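Chain nomenclature is as follows: A, B, C, D, E, F, G and H, assigned in order of appearance, with residue numbering initiated at 1 for each chain independently.
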Amino acid sequence: MGSDSDLPVMSQCLEALEKFGLPYEVQILSAHRLPDETADFARRAVERGFAVVIAGAGGAAHLAGVIAALTPLPVIAVPLGGSGLGGIDALYAMVQMPRGIPVATVAVDGAYNAGILAAKIIGATDPEVRGRVAEFKQELAQKVSEKNLRLQEMGHKKYLEESR
Amino acid sequence: MGSDSDLPVMSQCLEALEKFGLPYEVQILSAHRLPDETADFARRAVERGFAVVIAGAGGAAHLAGVIAALTPLPVIAVPLGGSGLGGIDALYAMVQMPRGIPVATVAVDGAYNAGILAAKIIGATDPEVRGRVAEFKQELAQKVSEKNLRLQEMGHKKYLEESR
Amino acid sequence: MGSDSDLPVMSQCLEALEKFGLPYEVQILSAHRLPDETADFARRAVERGFAVVIAGAGGAAHLAGVIAALTPLPVIAVPLGGSGLGGIDALYAMVQMPRGIPVATVAVDGAYNAGILAAKIIGATDPEVRGRVAEFKQELAQKVSEKNLRLQEMGHKKYLEESR
Amino acid sequence: MGSDSDLPVMSQCLEALEKFGLPYEVQILSAHRLPDETADFARRAVERGFAVVIAGAGGAAHLAGVIAALTPLPVIAVPLGGSGLGGIDALYAMVQMPRGIPVATVAVDGAYNAGILAAKIIGATDPEVRGRVAEFKQELAQKVSEKNLRLQEMGHKKYLEESR
Amino acid sequence: MGSDSDLPVMSQCLEALEKFGLPYEVQILSAHRLPDETADFARRAVERGFAVVIAGAGGAAHLAGVIAALTPLPVIAVPLGGSGLGGIDALYAMVQMPRGIPVATVAVDGAYNAGILAAKIIGATDPEVRGRVAEFKQELAQKVSEKNLRLQEMGHKKYLEESR
Amino acid sequence: MGSDSDLPVMSQCLEALEKFGLPYEVQILSAHRLPDETADFARRAVERGFAVVIAGAGGAAHLAGVIAALTPLPVIAVPLGGSGLGGIDALYAMVQMPRGIPVATVAVDGAYNAGILAAKIIGATDPEVRGRVAEFKQELAQKVSEKNLRLQEMGHKKYLEESR
Amino acid sequence: MGSDSDLPVMSQCLEALEKFGLPYEVQILSAHRLPDETADFARRAVERGFAVVIAGAGGAAHLAGVIAALTPLPVIAVPLGGSGLGGIDALYAMVQMPRGIPVATVAVDGAYNAGILAAKIIGATDPEVRGRVAEFKQELAQKVSEKNLRLQEMGHKKYLEESR
Amino acid sequence: MGSDSDLPVMSQCLEALEKFGLPYEVQILSAHRLPDETADFARRAVERGFAVVIAGAGGAAHLAGVIAALTPLPVIAVPLGGSGLGGIDALYAMVQMPRGIPVATVAVDGAYNAGILAAKIIGATDPEVRGRVAEFKQELAQKVSEKNLRLQEMGHKKYLEESR
């Protein structure tokens, strides 16, 4: 991530990775303030054994693109919404990458989803991880189903009261 | 893709996949007009041996999200810009997926990049494909370098004239 | 609705439906997290006797479109504004439906209006419900008239003080 | 519609209505240039036997809202994109109606869909019209299916060539 | 204004009118909820002796346009920002009026400026009111000058502390 | 206006002024390229007998605001849409004036309406000009009525053909 | 700056200038409320020995452009985000300057960066100031490095807790 | 510049630099496709004797920021508008730089102005270049004055005809 102020949002990503049992490393790098270390990290990502890089940044968010320029690994971009333009600046600065150098962009502040997407990417070729993603999706469905059941049983007025 | 009118843009994606030697299947499906077939395709994608799904659509572009809801495979979303709102509608309708169901969104009309991203995703765990991505990046660099060299040699005025 | 976190806004819709004496059923479904149940709900909506479906969702809001794809009934879409992009994402993801599959979109967070629109839709062919809509409109006018009268009587300074 | 320059887009709506066998009347009215006639039309719409009103306008598009203020009938709003702001102005001016007076907004330039939505609204309580909507949806699916089949048979390169 | 919830902002307009010694009348009208009274007000504005109408509304703000349709008097539009889209919806719904029916739009929540603009409009042909506007402008300049002088004297650090 | 490239749009304004029999003077001034002459024009506008100033500019459109800063006369702002951002830049740069210095903004490229608004402003206190505005509004209504009548007589299909 | 309410943000600019040992003068001027003094300041900026002018303003932010029109010195524009449109209005009103009169725009509320940019501009030809900018960049990198080191040592969970 | 397709716009920048007699070097570099060469160029810019760097790029335009990260020299950013989002993506990706690393952003496609801004930056400390900027501004004023004079002499109708 580009700054330690991004950690509260980006730590949701780590939570998701832990859920899928995927090992990770977390770094504060910055395309603008620490360009050499960022480039060095990107260049060595393959040899250090990473499979996916997740980059979260706000404003003129260059981190994902700068890393994608230097590694053949897939890079997931998380536009962060703390800036004055509500994250639209980071979204455009990440998703609109030029021909040849894609990044995989998720929603504004979508750090948790970035972790899931990393698992899906590993799972593209690894059936075990894919299985964990499939289970996760069933759990998700289960939780919504249970909420719906509870809503049917107690009615929306009581449900609203209790969830306050 | 959601309509055969998307084919001129989406065929760039196939071009990229061919470049990386990745086999593919191309379908006109539609979350809205062919919902059952789309759901069926998504549900059977794993057993049919796909590793990645790429979905291109415009307007209220639901195709990527609807498929992502039904498969643990990574889904790449290509927002298409033919609609009245210049692709911002499709971008928002794709990238802003809810917690739990990410898609990997690329630039508006970024079909070519979607193909590269698919290769990067396969390459996350497959060193050979990753190698091809690395080579592709070198070719890209080479081409820009050559153009720059040519620009240095002939000067920008002559370069401009010739490229007209 | 797509999540129980949407209930505080969406319950305004139920309030409106009760005002018009229209029976309803409320479900937490999700185009992304509960796709099969959502599809099942949509497919059976006619035979279960519904006349109108109201779908509220935020972000890349697919719920209305996914249901509209599977039922000939009119679907009212309520874009919810809780996401990082202030509801513009949900608005675009709902209103920009492709040729052939319309949804009837109301304002961002316009759940109350969705209930009224449902009554107007029933009232298109049912004179009694239409009459209730006409009465409701008179009540609305009455209330604004009374406020205006009160403003004329007490002057805007006193009115402001009292409404604080 | 607000101007005869809207007729090329709005006539798609009439095409859709004819497809569903629904009788209609088409008027050039204008909330701004013909306010009395517009108000008169809206007030008499019920007694003249209309079930649905469809209003298409561009820019600061008030036509749908002005009519909705004066009739209990459902009003479908078609934001037209000919203005300098690409239809976003008309979209916001239509969809963001205040509490109490909803309109059913479709996509920018979505006149065809407005016709289908009118049929869905009639079909909410009229099984025959609903049946025609269901058939229409099957035809839509059929057409996409056929295109897909053709694409599978001839491959995307040949398909592209032929569709040029 | 369209609702009594607009009064806190719109009362700034009255403050400005009082500053210029201009008599006024304040009404809660609504293009959507009180269409007949609004139309009646607009039609009778000339004969009742008004010179300028100021209309403040939010969301799909039709009030200014609906009044402008029915009176030859200049109408000043104040887009109000309380809605979910931050006032951009009201701005577009007001400023993008069609050829033939202009309104004079001021900034989002610019009610105070609407009052000044009314004075400028009266002052276009009335030298005394114009003189008051000129004096007001001098006062404005005076106030900024004094603040600047104070800033020069105490330095920005002390100035900041004191203004907290 | 800020540049002679604005003349094709801004001349519509002069057309409207001529329609209302209002004398005018047209100048190419520029807040940025001709700041002294612009300031001089603004400062002398009252003594030279102008009642209203109309300023059309594109991009970071400062012309209206710069003139409004230097004259008590009402200034009408016409945001011009030729720039890369489709006129939204000019609209924001004009309409969002600070407290104390309003301008009366019309639609993007709304030069014709600026001329009508000028007539409405003169007509605020001049019954003869107001009468001409009222007549103009009747003519407008008449024209739309005639088009509508023609549409009723020939049907929309024939009308469409003939207007092509 | 255009108003003393801008001082809390704009004082960050002064902080940066002090860091680089650059002398400065701070003024509350206003293109709209104090046009003569602003023009006078701009015209005399060269003879008074200034090298760079930094202008911060919000809304229809004309201050930078108005000064740039009257001085050959570089003008840095700081769009301020306090207005209703979140600073996008000020950004567009500043950055979209017409051909011939550029300003150097920084991020919304980017006052601190404006100070650094001023130092970079002086440093374009002054090696000592450029040296200070280079040192500043090293300090920045150092700080991010230290944070990263600390994150590696304590892990992200503990880091998060401590930074709360 | 990021690609040779940017040359038609960016060559306007060179035209401006030539006008001010400033020597320059033009390179096709790319933050994404040629990251090492770009970094190398940025790191060596000071020792190679450059005073200012001008970077033009479109889409997720990282070129200016990536260079600014590696040099203490001022970097001028030209957002290019050829992409699907009309240059707003490039504008946000350039102007919204994080605290510590500013770039000086000009208008979308404002390459000519970037050249002038470079001259202003050199002129901040070099009186001769500043003198040339002052002369340029007088020429600009002269040209607009002449156009205005011509407009006064021939009237706007004839002027329009001749400029067609």
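We take it that a contact is a pair of C-beta atoms (placed from the backbone, for glycine too) under 8 Å apart; a residue touches a chain by one contact, two chains touch by 3 or more.
Source: prediction; values computed, not measured.
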Path length in the contact graph (chain A to chain D, fewest steps): 2
Contact distance in steps, from chain B to chain D: 1
Touching both chain B and chain E (chains): C, D
Most widely separated chain from chain A, with each centre as the mean of CA atoms: F
Homomeric contact chain A-chain H: same or different residue positions, threshold half: same
Centroid distance [mean C-alpha coordinates] between chain H and chain G, Å: 19
Rounded Å distance between chain C and chain F, as computed from the means of their C-alpha atoms: 39
Chain A and chain C, separation of their C-alpha mean positions in angstrom: 32
Chain centre separation in whole Å, for chain G relative to chain D (CA means): 49
Residues of chain D whose C-beta touches two or more other chains: 3, 30, 33, 59-60, 83-86, 88, 95-98, 100-101, 107-108, 137, 140
Pairs of chains satisfying the touch condition: A-B, A-C, A-G, A-H, B-C, B-D, B-H, C-D, C-E, D-E, D-F, E-F, E-G, F-G, F-H, G-H
Residue ranges of chain E touching chain F (in the complex, touch as defined): 46, 51-52, 72-76, 91, 95-108, 110, 112-114, 116-117, 120-126, 130-131, 133-134, 136-137, 140
In the complex, chain F residues that touch chain D: 81, 86-88, 107-109, 137, 140-141, 143-145, 147-148, 151-152, 156-157, 159-160, 163
Contact footprint of chain A on chain C as seen in their complex: 3-4, 7-8, 11, 14, 26-30, 33-34, 36-37, 59-60, 83-86
List of chain B residues in touch with chain C within their complex: 2-3, 30-33, 35, 39, 58-62, 65-66, 68-70, 83-85, 88-90, 92-98, 100-101
